[in-house]
Every structure is written in C-alpha cells, then in structure tokens.
Amino acid sequence: MSARYDRGLARQAELGGPGQTRRGVYDTVAEVAPDLPRLAIEFAYGDIHARPGLDAARRELVILGVLIALGGVDPQIEAHLESALTAGLRPGELVEAIMQALPYAGFPRVFAAMTIACRVFQSRDLLPIN
Amino acid sequence: MSARYDRGLARQAELGGPGQTRRGVYDTVAEVAPDLPRLAIEFAYGDIHARPGLDAARRELVILGVLIALGGVDPQIEAHLESALTAGLRPGELVEAIMQALPYAGFPRVFAAMTIACRVFQSRDLLPIN
Amino acid sequence: MSARYDRGLARQAELGGPGQTRRGVYDTVAEVAPDLPRLAIEFAYGDIHARPGLDAARRELVILGVLIALGGVDPQIEAHLESALTAGLRPGELVEAIMQALPYAGFPRVFAAMTIACRVFQSRDLLPIN
Amino acid sequence: MSARYDRGLARQAELGGPGQTRRGVYDTVAEVAPDLPRLAIEFAYGDIHARPGLDAARRELVILGVLIALGGVDPQIEAHLESALTAGLRPGELVEAIMQALPYAGFPRVFAAMTIACRVFQSRDLLPIN
Amino acid sequence: MSARYDRGLARQAELGGPGQTRRGVYDTVAEVAPDLPRLAIEFAYGDIHARPGLDAARRELVILGVLIALGGVDPQIEAHLESALTAGLRPGELVEAIMQALPYAGFPRVFAAMTIACRVFQSRDLLPIN
Amino acid sequence: MSARYDRGLARQAELGGPGQTRRGVYDTVAEVAPDLPRLAIEFAYGDIHARPGLDAARRELVILGVLIALGGVDPQIEAHLESALTAGLRPGELVEAIMQALPYAGFPRVFAAMTIACRVFQSRDLLPIN
C-alpha cells in the first residue's frame, strides 16, 4: 500500500498486541469498511505511534490513560496491555499505571481495567506478578 | 495531619505543579470543604502518586492520558504539564504524549490539550521547544 | 394515550427499528417503569423525531453521531442503524457516516459501531454492501 | 489494617451491596493489585461514604446519578441499587431516581440502568414494586 | 400552553433555581429554538421532576450526581445547587453530596463542582456554611 | 506537502468553516506541534471528510452529533456549524439537528450547542432563521 501503511504494520509487528489481538476485529469490519483497519494501521500506528521523540512504552502509558477514562473499550485495553508488555513494561508497572488513574477517572473505570489486566497476565503466564 | 498527608505534600513539593498551580483552587474550596484539598493531598498524592513501582514521569503520562480523554479539565491539564516537566519530561516529549492521544480521544480533545501546552511552555520560557 | 404517543408510535412504525428491535427492552422495563417506554415513544419520537424541518434519514445521522460518541450503547446503535436503513440510507452511506466520526470520537468508538453495522447488514442480507 | 479500613468495612457491611456483590471482583483483582480493593474500602467507604452530614440513602442517590451518567459501569449500578435498598430506599423510589436522570443523561443511559434495576428487584423478590 | 407546561412551570417556580438562573439562556435560545426552553419546562420539569414518588430534594441529589459526572455543565450545576437549597438541602448537605461523587467521578469533576458551590453559597450569603 | 494534504485543504476551503474559524488555533499549536494542524488537514479532511459516498452536509450532521455528545468542544461546534451552513444546510435544519440530540445526549449538551448556534447565526446575519 503506502509507506505509512508499511511503517504502521512494522510498528504493530514490534508491539505484538494490536497486530494480533485485534486481527479478528480488523477482519470482521474489513468486509464492510476495508479502509477502517487500513487507517488504523496507517494513521494510529504509521503516523502517530511510530513517531520519534517518545518510546513505545511511554506511548502505551498515555494510551492506557485515555482508554481507562473513555470506558467501554475493553478490547482495546486488552490489546494495549499486550503491547505495553511487549514494549518492555513489566506487569507490576502496568498495575501501577492503572492505579494511577484512580484519582482522576474513579474506581469503576479502574476496576474494569484491572480486571482485564488480571486476564492478560494470566493468559501470558505472568502470575504472580513480579 | 497524617503520614499520608505528609507523604502527599512531599510528593507535591517534588512535582511543583499541583502544589503551586492548584493552590488557589485548594484555598477557595477549603472554605466550604476543607477535606477536599486534604484528600487530594492524602489520597491522590500520598496514597497513589507516591507509590513505588513506577516513576513520577511515567505516572504523569498516564494522568495526562486520562485528563485529555475526560475533557473539560483544563486547569488539571495545566497543573500536570507543569508536574511532568518538573518530573523530567522534556517539552518535546510532552508534545508527543499529547499527539499519542489522537487516535483514541480524537482531534478536539488533543487540540484543547496542545493549546494548554503552548501556554505552559511559553510561561516557562521553553519556546521554541527542544 | 395521547396525541404525542400516537404520533411517536406512528413514527416508530415508519422507522421499523426502534419499534421492533427495542420491543424486548421496552417490555422488560415496563414491569417496573411503564412510563419509561411510554416517554421514549412520546418524547423521543412524538415530540422530537416526528418534528418537521429535517427528514428522518438526516435525523438518524445526528443520532448515530451522538450514540457513537457516548459509547456503551450498542443496542441503541443497532436499533438506529435499522431505522436509518428503513429511512432510506444505503449501507454504504452508513459506513461513511460511521467513518466520519473517526477524527472526533477516535478509533475505539468507531470500531465498536462498525462491528455492529456488520452484524446489522448481515442479518438483513445486505452483504456485500453496495 | 487501619481505622479507615475498619470504618470502611463496617460501612460496607451496613450497606450489604458492595461488600457482597463486589466481593468476586475484589478477590479477582487482589491477586495483582491487593491495594485496589483495600483502597475501595478505605477511601470510597471509610473516608467518603462513612462521613457524617448526609445519610446513606441520600449518598446512594448521588452515586446512582454519577454511575448512570458515566455509562459502562453495570456491575457498580447493580451493587449500588442493592446498597440503596439496604439503606432504606424503596424500589419505587429507585425507579423515580433513575427516571430523574432522563433529561440530563438521556434515554440510552436510563434504559441501561432501569434494566439492571429490574434484575435486582427480581432477584430480591420485590416485584411487583410497591 | 399545555397542562404539562403549567405543571413544569409551577415546579420550576417552587424550585427557584432553574426558573430564574436559567432564564437568560432560555431567552437566548428561544430566538432560534422556542421549543427547546418549552420542552425543558414540559419534559424535564412537567413530565419528570414533578412526578410523585420521590421528593424534590432527593431528585436534586440524583441530578447533581449526573451533572458532576457529565462535566462541562457548570451553568446547570449552579442552577441545580440553587434548586437544591430551595428544596431544603442545607449547604453542608450539598458539600457532602459533592464529596460523595469523588470515588466514582474523580477529583477534577468534584473540584469543578465544589468551586461552583462556593460561589453559590457566597452569593446567597450562606458562608460560613452550617 | 502530500496529495492528502492538498485534498484536505481543498475540502476545508469548500467548507469555509474549519479553514477559517480554526486558523488561529492551528497557528497557535503549530509553534510546538506543527504536525497537529497538518494531520487535522490530511487525516480529518483529506482522508475522511473528502471521501466519496456521503455528501458534505450529511457528514456535518454526524460530526455535529458527535461534538454535542462529547461536550466541552464549543470551538469545534462553532466551526462545524459554519461548515454545515456552507455545505448547504439551512439554519432551521441545523436547529432541528441540534434538537434531535435531546433524547440521547440530554438537555445540558443541547442547550450548550444551541447557544453557539444562536451566536453563529447572528454573526452571519441569519436571524430570524427561515
């Protein structure tokens, strides 16, 4: 496709999470809106995530904050916890990142995110966390 | 007051931002609700921000993500950009952090946050950013 | 009941979607709050949707924008995609409408809505979309 | 643990709901983040809910309003409807409280909350409501 | 106009707040959308607020919770604090109601609401609060 | 710059609103984040708004719905009301579009948007609306 697409796909490959966890959703919507997964790769990864000036792990912390506050985006929280782990954040650091949202986003949003973190860590055999 | 209060106050002092930028609001609400600024210090800083396991700079990135997504919290975005700078994030890194919210929180929320960043950098004489 | 109720019910009948897709929910809540489905018909349809000055299809585009941004309202998105089709919007136009929310509401909300659109189009035998 | 913890636990016990309905979630997240359920008890119940100056029933009405507006927090709405009943609000009063959110939070959020109320009343054998 | 309108207007008159604080906004929008303030009176007050089964003070607590969580609705928070006072809630009870939103809506939303409460209490000569 | 940029700029020029109303904000943030206004033009207008399959006026209705629901985005609501007028929607149709958000986004968000609409129509000498 485009250089942006290739750059986005490469970034997703590095991060593991979105390229894999989200593949099923990408395939589903592609039947009616092939441009949506393409733009996710080109824009969200090629244009934004692959930018220099901030490493992948710290980008995932910002994303995690946004997703926790939005609410109702469990599949994305799961995918980005996967990416964050691949980017080098340890489970204990991700737990702290989720805890840090508490005073700003409140308990319900944080409980929802932490429940997903439990599932992700378990499926990766990372329990008990270090 | 309590050990939590002292720990929170010490953390705020390290971060500069909230202890100073928010002082006026703390004083205003203290007239009717003295426990609100006290709990901000004890809970948000003493219980949460001062936790080990994730450094202050990375905590500020999560907070920034949450605040951008919430919307309508300009004074907090300003205070936490201040804290983030004090915690060692460079202006260019904060610009990238705000850009990273784009695919998840959309342009309006990101334009609002970036406008505040411009003002904070200018008031700290950090323009042009490195 | 009232003229507003009759007008709302007639509007729902024209639109198909809410009158049918939502019937189960209307019946469920009616046991404890019969006024809630009644007001949905009277106010949302009788007072608002049936107003002159903007056709039903364009009203559904506004509603779709609101629902995508709200998040966590999948049953309503499904019902209003049904209504939008009945009001004459083609599947390809609805895909474009959902895509148009991308810069303002972000990818997670748009992926959620597009996934529902896939299901609605499939259940109506509208795939591949024109 | 602490006096705040004991006070929070006592408050939860009085309210029934959160102490019981939420126990499973508390246990799940405790494996990776034991401080999260602890802080829910200490802060949300010990520091806030147990404060004097407003009775438990009226506190639950504020909470209900917040939760309805947030969206995507069904488990919390369920738990707090349970607490509200224990605090002395009758089913008919809770139905009215949910209806009151209609002009400010809109129909989708209110339908979601009312559906949960139906389930809670049914599981407590409170139908038909008085 | 209608019985609903009269009932809504009477309710607003009882509550003081919305009928007065919001009058300027009602007049402004009436030039392009006279049905909007009419429906606010008919639906929000005539159909909903004037319902039996929950007194005005407790209705205002639900509304306050919704408005705090929504964010960006300062004029409405101000109007409903006025109504809540007229409905018999004391300033100290309103401070507690706002504090109660803390664990669910987070500090930024609560600081915003408490700042408005300070202004309302001051303009009514209710400081220091009882 | 790129074909996407040119296409986006051309689309903005057609719509009037964002290209003009937003110019000041674009210039402000460009000092620290020149890529942000560039991506607004490339992505929001070049990639999305300029897509075929749905005309500009109907795209603006979706955007309006999203913005009303988000809240706290007054400058964007103003810009897109301008665009919507340029795209051929009449003031009376825009009033209806804003009214249509009422059952889903609630009165506070709709009052906020309608107040902006009054200002836009007045500044364009469109009052009384047709």
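Letters A, B, C, D, E and F mark the chains in the order given here, with residues in each chain numbered from 1 onward.
Assume a contact is a pair of C-beta atoms (placed from the backbone, for glycine too) under 8 Å apart; a residue touches a chain by one contact, two chains touch by 3 or more.
Since the structure is predicted, the reported quantities are computational estimates derived from the model, not experimental observations.
Under half of the residue numbers at the subunit A-subunit C interface are used by both copies of the sequence.
Chain pairs A-E and C-D differ in how many C-beta pairs are in contact, and the one with more is C-D. Fitting subunit A to subunit D on CA positions gives a rotation angle of 120°, reported to the nearest 5. For this pair, subunit A with subunit F, the centres built from the Cα atoms lie 30 Å apart.
Averaging C-alpha coordinates per chain places the centre of subunit A 23 Å away from that of subunit B. For subunit C, residues that reach two or more other chains under the stated contact definition are 35, 39-40, 43-44, 51, 67, 70-72, 76, 95, 99, 102-108. Remark: subunit B residues 40, 43-44, 48-49, 51, 53-54, 58-59, 61-70, 76, 92-93, 95-97, 99-105 touch subunit A in the complex.
Looking at the complex, you find that subunit D touches subunit A at residues 25, 28-29, 31-33, 35-36, 39-40, 44, 67, 70-73, 76. Subunit D makes touch with subunit B in their complex at residues 35, 39, 43, 47, 51.
Those residues of subunit E that touch subunit A in the complex are listed here as 102-108.
Subunit A meets subunit D in the complex at residues 71-72, 91, 95, 98-99, 102, 106-112, 114-115, 117-118, 121, 127-129.
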